[in-house]
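Heads up, the next two complexes both have chain A, just with different partners, chain B and then chain C.
On to the complex of A and B.
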């Protein structure tokens, strides 16, 4: 079934592309089909009690290479979110874009491609598969952020997002490799607890990778910039799904990291700073969408904090928060998009009085905002209660850090939520409003109502998030979402949070809105990217200078270096002057001929000495007892000499001279390489590892090959396929030479 | 192991290396042929002492047939490569009038890019 769904998505991309030619709305409608089908299927499995579905495509079995998917409870919950919210976003986008908008093919296909990648990511059961789809989401996100590709700012923001998440992906890969190495398996569902120093390094690397994707401080700088994307993209990728990938990874890998201290502390460091810095950022913004974006940084920080705690209670709370956040944050973004489209602005200093003119949007924003603030009777309240309970259940210093951060971050969350709602919908000079578009309103209403229904049907939601959390920690099975806890410590803290947050939010809303602040660190990130782009050609120009002789010299030096180990076992006892005296004479003739060829000034002279060398070598073969080689060499040599004479007939007769210094380098290199190869060969021969299987080969040639010439039998029987390959090579060369020899008149013109 | 053959291998390697680091394509091909000879001789040298031709049925000690079979393949393949390079040299000569190996075009572009960067940094 997983393959069917994936193929349906891929087919959907094609169909959306075709439909998109007729307008962006047709493309979006076509693209919505596959996610809608997937969401329906996922929900049917949520209701029924199904075993995990798996799908696998083995490439190299011994190396665990291949694509492998596993739809466990966690993946099923994420599938429901990805495809469910995805479907709503596609419908919403139909209302968001005007019928004649640009990018009718590009936008729906890219958005569906993202949806597909995200499914692959949440289904992935091997570290390879996870990494590949992780990077796919980065790339599709880049395409979607840069949708309005005419503005330099937008393109810069898109590039920043790609660079940070892409680089984070590489760090993640390094971490995953270490995890797989330490755990002895690349299958994620089989990962056991890992320990040791490499586990600590792996924990930090994975956490950094997760932090880049989930916009954790200081990598969060890409997220506000990514708000340049159309709002459906922001709602889908940058609040509900893609930025959850890092958080999801923290949950999925927590069974492996349960004994690694570095995991907890790196996670807390990222989570706590992001939660607070993101919330402060949200309080300083005046663009409603940016308030939400900074709020997302903060909320993701909360998720990372809670999930990295690793206890059963924390996993249960974290997954509940993740589920709740996807619903309310998507709803808030959809509302902001509607406000943007209907009023033409998102600036809370300009907006006002929308509660009267856009009552449905205001109600949706209120419901979703209250869920975000953690107020009953909404899903977000129960999730936040669970998070505080998880903090209370800890011991040691992390208890106070986690509790302090959750409390502080939540107070700020209540404050910026209130400021967002008052700034957008609260009292003020009434903003002019365009008519409502049903396609935009309906998805937002559904998502906001989900928050209410989630509270009413707390038991059913527990049945969704509970098993998902159990995948990461078995102890999570005993917890459930509680509608009304009574006056327990956590509830008292919750009341305090809402009270303090409301007071702070009220106070800040009353103050005049200041100028929009710049994202601290965004310029530095851009500078780094620019500097890298300038730096790369400098390095490349030095390493890859383009001179063939220098490349060759580099390789020769490497070969010389490779001969060095042989000098460690320098023995000469096995050496004799010659096998037969004639051998020495022939070698001398060959060397003289070769040396003459190297120094002779004319090409024709060089060609003739080449022939002499070939004959000399043939002689050596004869003396050595290799008549087959000698005969072949003679034939080959004849053809080569004829070829040289034909080819060089048209060339200038004299070789041009090369520069003095290069000449010296060549001489030194050639002498050293000759001595190196010769000595390596001599020393390697001092310790034969056995005797040559001459008799065995001879017997086999007669018995099996039915021939007496052993060399021939080896070539035509034992290595027949290799010989066939050789023939193919020669035929290919012949065809190539034929093609090269034909020179058309226009090619001569082009070259000159 | 025969010192004569070892010296032959070393000398052919030396001269071959000297020739392939030249700028003229025809010299590079000459060097390539010599390196091919060196490789084949190295195979034979490593395979053991000389002997009678490896034909079954004789009384004398045979030469090792295995390196000979390998060497035959080496000879044939280097033959094909040599002729192909020769065709390239001839083609270049027909098109440009010489057979000098120019610096790679793409690499020249990168060098250009680096130079431009430097220029910008100076300003």
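On to the complex of A and C.
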């Protein structure tokens, strides 16, 4: 089933591309089919009780290479969010874009490609599969963020997002390598606790990778910039998908990291600073969308903080928060998009009075915002209660750090949520509003209602998030979401948070809105990227200087260096002069031809002597009983000689005179490399290991390949993968030549 | 072009072309049991292309098509077995009796070889284009191949 869904998504990308030619709305509608089917299937599995679905494609069994998927409870929950919210976002985008908008092919295909990558990431059960889909999400999100590709600012923001998440991906790869090495398996569902110093390094690397993706301080600078994307993209990427990838990673790897202190402290460092810095950032913004973006940084900090605590209660709370956050944050982004489209601005200083003119949007924003602030009767409240409980259940210094951060961050969250709502919908000069579009309103309403229903059906939500948490920590099985906890410590803290946050939010809303601050660190990130881009061509220019003789000399020196060890250890006592006298004759011809080629002055003469060398060598192959090799060598020599002759049309007859010293260098290099290769061959011939494979290969050629020509059966069957690789290289070279020829043709045309 | 001035060379290349094509085809099909194979066949065809270029005779021009066809065939032969659950690049052997030729033993290695051949010919055509030599068509007038 997983393969079917994946193929359906890939087919959907093609169909969306075709449909997109008729307009962006047709493309979006076509693209929505696959996610809708996936979401329906996932929900049906949530309701029923099914074993984890798995799918595997083994490539190299011994190296654990291949693609492996496993749809366990965590993946099922994430699939529901990714595809469910995905479907709503596609529907929403139909309303968001005007019918004649640009990018009808590009946008729906890129969005569906991103959705597909995200599913692969969520389903991955091998660290390699996880990494590959992780990178796919970076690349596809780059395309989405850079959708309005005519603006330099947008492109810079997209590039920043790509570079930070891409670099983080490499750090993650290093971390995953260490994790797989320490745990002795690459299968994520089989990871056991790892210990030792390499485990600490792995924990830090993985946490850094997760932090780049989940926009944790100081890597958060890409997220506000990514708001340059169309709002459906922001709603999707920054609620349920892209940024959740890092959080998900922290959750699925926590069984391995349960005993690693570095995991806890790195996670807390990222989480706590991001939670506070993000919330402060949200309070300083005046663009409603940027308030939400900074709020996302803060919320992700909260998630990373709670999940990195690692206890059963913490995992349960973290995954409940993850679930709740996906719902309310998507709803809030969708509302901001609607406000933007219908009023033409997102500036809270200009907006006002929308509660009357956009009552549905205001209600949705209120419900989703209250869920974010952690106010009953909403899903966000129960999740935040669980988080505070998790903090209370700790001991040691992390108890106070976690509790302090959760409390402080939550107060600020209440404050910026209130400021967001009042700024957008509250009193102010009435803003003119365009008519409502059903496609934009309905998805937001559904998501906001989901927060209410989640509270009403707390037991059912527990059945969704509970098993997912149990997979990360078995001790999570005893916890459940509680609708009304009574006057316990956590509830008292919650009341305090809401009271303090409301006061702060009210106070800040009453103050005039200041100028929009710049994102601290974004410029530094851009400058680093620019510097890299300037640095890279310099390096390339130095290494790839374009002098053929120097390239050749470099290669020969490398060969000499590689064969150097054999000079000493080659045994020549087993060598015989020749098996048959004919060999001596052929060798003599070859040597004479080679020597002539080295001194001859004309290009044609050099070419012909080189051809003679080749034919001499192929004669030696014949005598040795390798007709295949000889045939190939002969034909290659023929083509090369004729090709050279063809090239002479545009070259002088004689070689240019080269300097004395350069001649000496060439002479020395060729003599040493000749001796080196000869010693290497003598060494290889003197160290037979085991029996010669010829008989096994001959039998196998007939049995497996059905041919008597062993060489060809090796090429087309036994080692066909090598051949495939080689011909792809040939094809690539040919395409490169064609491209260069075309560039030159253009230059010639431009010159004439 | 170099050889266009010599009617003897031109005629020789013209006459040799069909022989070389037969030889190349033989190498392609014989490759499984005797010396030959897709690479050698591709080079023989490539040699024909180069010689005909020298003589200013007609030759294939679409390197990109040849390469694309070759890669598609080779990759298809490699990937198709995965669809019915066999390993990647699993080669099938087929034995049939064909009128006139009798019993024939061949397999999916043959199309793979054909793909290899197409890529090799494509590479050679691309190289010839890359040398960006002015070629001369059959009528003897210069046709710039930039």
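Note that the second predicted complex is superposed on the first by the 545 of 752 C-alpha atoms of A that agree within 3 Å, B and C clash if a C-alpha of one lies under 4 Å from a C-alpha of the other, contacts with A are read in each partner's own complex, and residues count from 1 in each chain.
The rule is short, and it goes like this: a residue touches a chain if its C-beta (ideal position, glycine included) is under 8 Å from a C-beta of that chain, and two chains touch if they have at least 3 such contacts.
Computed from a predicted model, the values in this text were never measured in an experiment.
By the touch criterion stated above, A:745 is placed in contact with chain C alone, chain B being left untouched. In the superposition on chain A, A:59 contacts chain C only, with no contact to chain B.
Legend: residue contacts after superposition of the two complexes on their common chain; A:1 is shown touching neither chain B nor chain C. When the two structures are aligned on the shared chain, A:524 is found in touch with neither chain B nor chain C.
Shared-chain residue A:594: touches chain B; no touch with chain C.
Of the two partner chains placed by superposition, only chain C is touched by A:728; chain B is not.
Touch criterion met: A:639 reaches chain B and chain C at once.
Looking at the shared chain after the overlay, A:627 reaches both chain B and chain C. Touch criterion met: A:715 reaches chain B and chain C at once.
Contacts of chain A with chain B, set against its contacts with chain C after fitting on chain A, overlap at residues 627-628, 632, 636, 639, 643, 647-648, 650, 708-709, 711, 715, 723, 730, 733, 737, 740-741, 748.
Here chain A touches chain C in the complex through residues 57, 59, 627-628, 630-632, 635-636, 638-639, 642-643, 645-650, 704-709, 711-713, 715-717, 720-721, 723-724, 727-728, 730-731, 733-735, 737-738, 740-741, 744-745, 748-749, going by the rule given at the top. Every residue of chain C that touches chain A in the complex is listed here, in rising order: 1-2, 27, 31-40, 43-44, 46-47, 50-51, 53-54, 63-64, 67, 70-71, 74-75, 78, 82, 88-89, 91, 93, 105, 107, 109, 112-113, 115-116, 119-120, 122-124, 126-134, 146. Every residue of chain B that touches chain A in the complex is listed here, in rising order: 1-24, 26-30, 33-34, 37-38, 40-42, 44-57, 62-66, 68-69, 71-73, 75-77, 79-84, 86-91, 93-96, 98-101, 103-104, 106-108, 110-111, 113-115, 117-118, 121. Note for the complex: chain A touches chain B at residues 534, 537-538, 540-541, 544-549, 552-553, 556, 574-580, 583-584, 587, 590-591, 594-595, 597-598, 603, 606, 610, 613-614, 617, 620-621, 623-629, 632-633, 636, 639-640, 643-644, 647-648, 650-652, 655-656, 658, 662, 665-667, 669-671, 673-675, 677-679, 681-682, 684-685, 692-694, 697-699, 701-702, 708-711, 714-715, 719, 722-723, 726, 729-730, 733, 736-737, 740-741, 743, 747-748, 751-752.
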